[in-house]
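The same chain A turns up in both complexes below, where it pairs with chain B and then with chain C.
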Partner chain A sequence: MGIQEQYRSEAAALLSSGEVKLVIGFGAGSTADRRRPLFARTPDEAQKFVLDAACIANLSTYLVTEGLLSDGKKVAVFLKPDGIRSINILISEAQLKPEQVVILGYAIENGKEITPLEGRNISDFSIGEQIRSLTPPPHILQEAERIEEMSATERFEFWKEHFAKCIKCYACRQVCPMCYCRRCIVDVNQPQWVSTSSHTLGNFEWNLVRAFHLAGRCAACGACDRACPVNIPLRLVNYRMGKEVIDAFDYCAGENSNQKPVLASFKQDDPETFIL
Partner chain B sequence: MSEPFEPKIVAFVCTYCTYAGADLAGTSRLKYAPNVRIVRLPCTGRISPMFILKALQKGADSVLVSGCHPGDCHFTAGNYHARRRWTVFRALLAFTGIPEERIRFSWVSAAEGAKFAEMINEITDETRKLGPFTQYQELQKVIETQSSY
Partner chain C sequence: MAKIGVFVCHCGENIASKVDTGILVKSLSDHPGVEICQEYKYFCSDPGQETVKRAIREHNLTGVVVAACSPRMHETTFRKACAEAGLNPYMLELANIREQCSWVHSEKDQATSKAIEITRSLVEKVKRNNELKPISVPVTRRALVIGGGIAGIQAALDIAGAGREVVLVEREPSIGGHMSQLSETFPTLDCSQCILTPRMVEAIQHPKITVMTYSEVEEVDGYIGNFTVKIRTKARYVDMSKCTGCGDCIQKCPVKKISNEFELGLSNRTAIYTPFAQAVPNVPVIDKSRCTYFKNGKCKICEKSCQIDAIDFEQQESVETIEFGAIVVATGFQIQDTSVYGEYGYGKYKDVITGLHFERLASASGPTAGKIQRPSDGKEPETVVFIQCAGSRDPSKGVKYCSKICCMYTAKHAMLYAHKHHGSNSKIFYMDIRAAGKGYDEFTRRAIEEDEADYLRGRVSKVFEENGKLIVRGVDTLLGKPVEVAADMVVLATAMTPQPDAKQFAKRIGIGYDEYGFFNEAHLKLRPVETAKAGIYLCGACQSPKDIPDSVSQASAAAAKVLGLFSREQLEREPVVAAVGESTCAGCWGCVYACPYNAIEQKDIRDRNGNLVKQVASVNPGLCQGCGTCVTFCRSNSIDLAGFTEKQIFAEVMAL
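Coming up: the complex of A and B.
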């Protein structure tokens, strides 16, 4: 039995036993190489699940849908290690209760092989060491190094060029499991913190705020990057923020579910070399 | 003929230490550059990075953020939280090419009137040397010309 069939029957069993009210997984997409999220509420629907190397989306983002878990029932979700990392972060930020999430874990090896991950509960997965040693894809690493070597003016021009393309569709926000605020700061209009029209200044502000709000929280799933219709390298800035948090505070987001959020905690001897 | 450049500096300060320090500078009759606009807030922990971005957007050439020394916070830990936030925010600004020398952070206690006056003078001089923050201000001009028709 292939892993797809195995996970289909497992999802069906979870639904028919009534253990979970919903299974979030992948179904066939509009083209052969695309998958779209599938929400199964009956064992029959679970037979439509697809699991292959094209299932790269981070489905944990659906768990923070308003009201989904407020009835106390459980939801099962197909997750890769980056999705499990997102769950850790969401639990540590008190957005999820660990007992309400059943994880159907899988990993994609070398971009094609699907392997199952042992465990169903978040506490079954120890991904701490794995994610700390995680490096982003080589092209991101190279690009980040290239930017670090630029002068400030060049860096500003680099981002200006990218942010000028932004159309403020907020797809990066919608797709991100960490962007769960009921009222996002860009939607606040009294006071209007961020200029909402899509000119370069407003785009700058939006993208800076987005990156700052993800600092020390990003699970590096790359969903924002894939969602961006104008290909702004969002992963690049997320990666840089994550690196800063590791370097300065020795904190790696999502290592486990009981760490305190990095910007909501402190140490008395945190570095402060830049303070006059 | 254009007027000589006078830097605009916005200082976000906490009311318990740096604001009191600035007050001490005033009551001690210390003279410092009039280029600074002080915004008084309850605590450095209240200072959102949005404030800094907004100040730059509205034409500030430099921004100063200042509060109580570690351990002296009126609310026990506000400045420790702020410090973490600044560390990350500074890295973000550096990575996106917003000059770090235009955004400064400091601890000034209520007894350090002289330090405050000296620091404001220094920041004003350095900002004068750097010139106006045109990179950002030009982006703002684009909006104004667009919205005028």
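Coming up: the complex of A and C.
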């Protein structure tokens, strides 16, 4: 039995036994190399699940849908390690209860092979060590290093050019599991801190605010990057912020599920470079 | 419709010399919403305030901006004036065009346009101000005094003397502090123990004072009027309620060769001990790390020798949580680690000692019963060299400040030495003689003129041993010659430094400290005994080096502040507190972690059937100090700070 069949029958079993009310996984997409989220509520529906190397989206984002988990019932979800990392962060931030999430974990080796991950509960996955040593894909890393070497002016121009394309569609926000606020700062209009029109200033405001809001919280799944219709390399921003937080506070988001938010908690030996 | 009154103060020449107030008034008069704009030489004066009040009444003003000094100076003044004229005091803003403008700029044009921007921005803010009412909170009228030295004892006695309860916490087994180690005290030469011990006894016997020795403050929560403090008491292994202080156990203890900390190693103590004979409470403690029983499970000789079964090897440390309204910090000082002066040979030569060692040698209750003897061989020294500023005023060794007491105690040491040893010969190397204080200069003159202390102005470069003598090599800068003195003993006037754990302690209770670790007062001149954290006061050498008279006066001053606070049952607090928008709060609890005052709790939102809908953050206005940390953290902008709302700040920024 292939891995896909194995996971299908596991999902079906979870549903038929009533352990979970819903399984969130992948179904066939509009083209051969695309997958679309599939929400199975019956064992029959579970037979439509697809699991292959094209299943790259971070489905944890659906778990924070308002009201989904308020009945206390469980939901199962297909997750790669970055998705599991998101679950850790969401639990730390009290958006999920660990006992309500059943994880159908898998990894994609070399961009091709699917391997199953052992465990069903978040506590079964000790991904802390892995995350620390995890580096972004080589092409992202190269690009990050290239930007790092630019002068401040060049770097500013680089981002200005990219942000100029932004059409404020907020797809990055919609796809991000960390953007669970019921009302986003950008939707506050009394006062209007972030300008909504898509001119350069407003675009900078939005993208920088989002970068700060994700500092120390990003699971580096790359969903924002993939969702962006105008191809702004958003994960480069988040990668850099994550690096900053690791260097300054030795804090890597999503290592476990009881981290305190790094920018809201204080340690006596935190660096105080900003105090003269 | 807003009717704002703008009042531009000249502050004499302070503002008017750099800001063209005429232009400022003209420019603000045209600003939308400004009903009246006036200038005057001193708005803080009585006629100035009257002008403001009259304008409020005559023009029915809805808001007032006084363009003058920092709100720290006169916000209260003008708030009061507004209230007297019938305007809510929180409808006032102070535009700081002095400290942040006229004082820091030299170009009049630029200063004027900056003053216009500052004032305009505050006009935009005040248009959006809301009427606020002070919050009243109850005051727990019990004080905590941390540190049982002379400062702490004095503060405790003064507070208790006015009828308020006090808990005096001391981490050593006895109260008394450094003063109990001193011999005789300048400038009157009265015996330190003789004047201190009555105070110690008074403190422990006072019905309003609870003395907790061998105890440390572990955690301070809460705010002025309502602190919750965790105090950990170490196990003494002696039942304080039974022990009579007879001392039989100390006599019998077989472990006798432990270096006595109170005597700075000049004598030994046993494993069960009281630090000194007049200890209060006079109840011994067992030094667990040295006791034979705790080491290998056998001995218990003390237990056998105790006739009233007061020894209790099973005793555990205990933690008590007590509510207080005010805290007095009197944690004192340490002396500098003198080994940083390698050239003076401290630690290498036994007869190079610190001033505190000399105190013990000169003390009647000390290891030599008051005889000045060399620690090395017990001989009476013929020549003693005193080196002042052996640590103080020496930036290269990390102490830039003057320790204040050394000039006086060195003169005293020379005097005591002369009194105890006729034909004495004392040489004092000094930088300056600083003897400001009642009877102080007379005292040092007496040392020089009557007791023949030989003062040499200059520094010592080296101390080394030769033929059984300590050769002190230095310079006499008044003669411009190098000098060499063959001494029998060298006494170093070591610097006073903060307690080694002062910085951690300050962080734990939330007060500030300076670069050395001395605790910061709220204002060096005008609020010297208060800290920046309301309800916590300072006294004694934990704030800066001090002698006994200064420590005692500051202790009484701190007590007066505490009693002032305790004179009311309710405390009025600024209504500048945060509030959560419950409909948008995502319940991530970031603000709960971020709040330094533990003022944010989780609150359940339930529907009419009592089912839990969601959990949101909720600010306890009694605990909130209005710092705004939660506001900056909240990603969905669901927290706002009264008096500094997002709308106000935004308008202020946009007006620039």
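A few points about this structure:
Please note the rule applied: the second predicted complex is superposed on the first by the 274 of 276 C-alpha atoms of A that agree within 3 Å, B and C clash if a C-alpha of one lies under 4 Å from a C-alpha of the other, contacts with A are read in each partner's own complex, and residues count from 1 in each chain.
Here is the rule we go by: a residue touches a chain if its C-beta (ideal position, glycine included) is under 8 Å from a C-beta of that chain, and two chains touch if they have at least 3 such contacts.
Remember, it's a predicted structure, so these values are computed and weren't measured experimentally.
By the document's definition of touching, neither partner reaches A:Lys165: not chain B, not chain C. In the superposed pair of complexes, A:Lys48 makes contact with neither chain B nor chain C. By the document's definition of touching, of the two partners only chain B reaches A:Glu154; chain C does not. Of the two partner chains placed by superposition, only chain B is touched by A:Glu272; chain C is not. By the document's definition of touching, neither partner reaches A:Arg120: not chain B, not chain C.
Contacts of A:Glu205 after superposition: chain B is touched, whereas chain C is not reached. By the touch criterion defined above, A:Arg226 lies against neither chain B nor chain C after alignment on the C-alpha atoms of chain A. Looking at the superposition, the partner that touches the larger set of chain A residues, chain B or chain C, turns out to be B.
In the superposed model, A:Lys74 lies in contact with neither chain B nor chain C. Once the two complexes are overlaid on the shared chain, A:Val237 sits against chain B while remaining clear of chain C. The intersection of chain A residues touching chain B with those touching chain C, taken from the two complexes, comprises 185, 193, 263-266, 268. Chain B contributes residues 49-50, 53-54, 57, 70-71, 77, 80-81, 83-100, 104-107, 119, 135-136, 139-140, 142-143, 146 to its touches with chain A in the complex.
For chain C in complex with chain A, the residues that touch the partner chain are 504, 507, 583-584, 586-591, 593-594, 596, 613-615, 633, 635-638, 646-647, 650-651. Of all residues in chain A, those touching chain C in their complex are 70, 93-95, 180-185, 188, 190-193, 213, 260-261, 263-266, 268. Interface residues of chain A facing chain B in the complex, by the touch rule stated above, are 147-148, 150, 152-160, 185, 193-195, 197, 199-202, 204-205, 208-209, 211-212, 215-216, 237, 240-241, 244-245, 248-249, 262-268, 270-272, 274-276.
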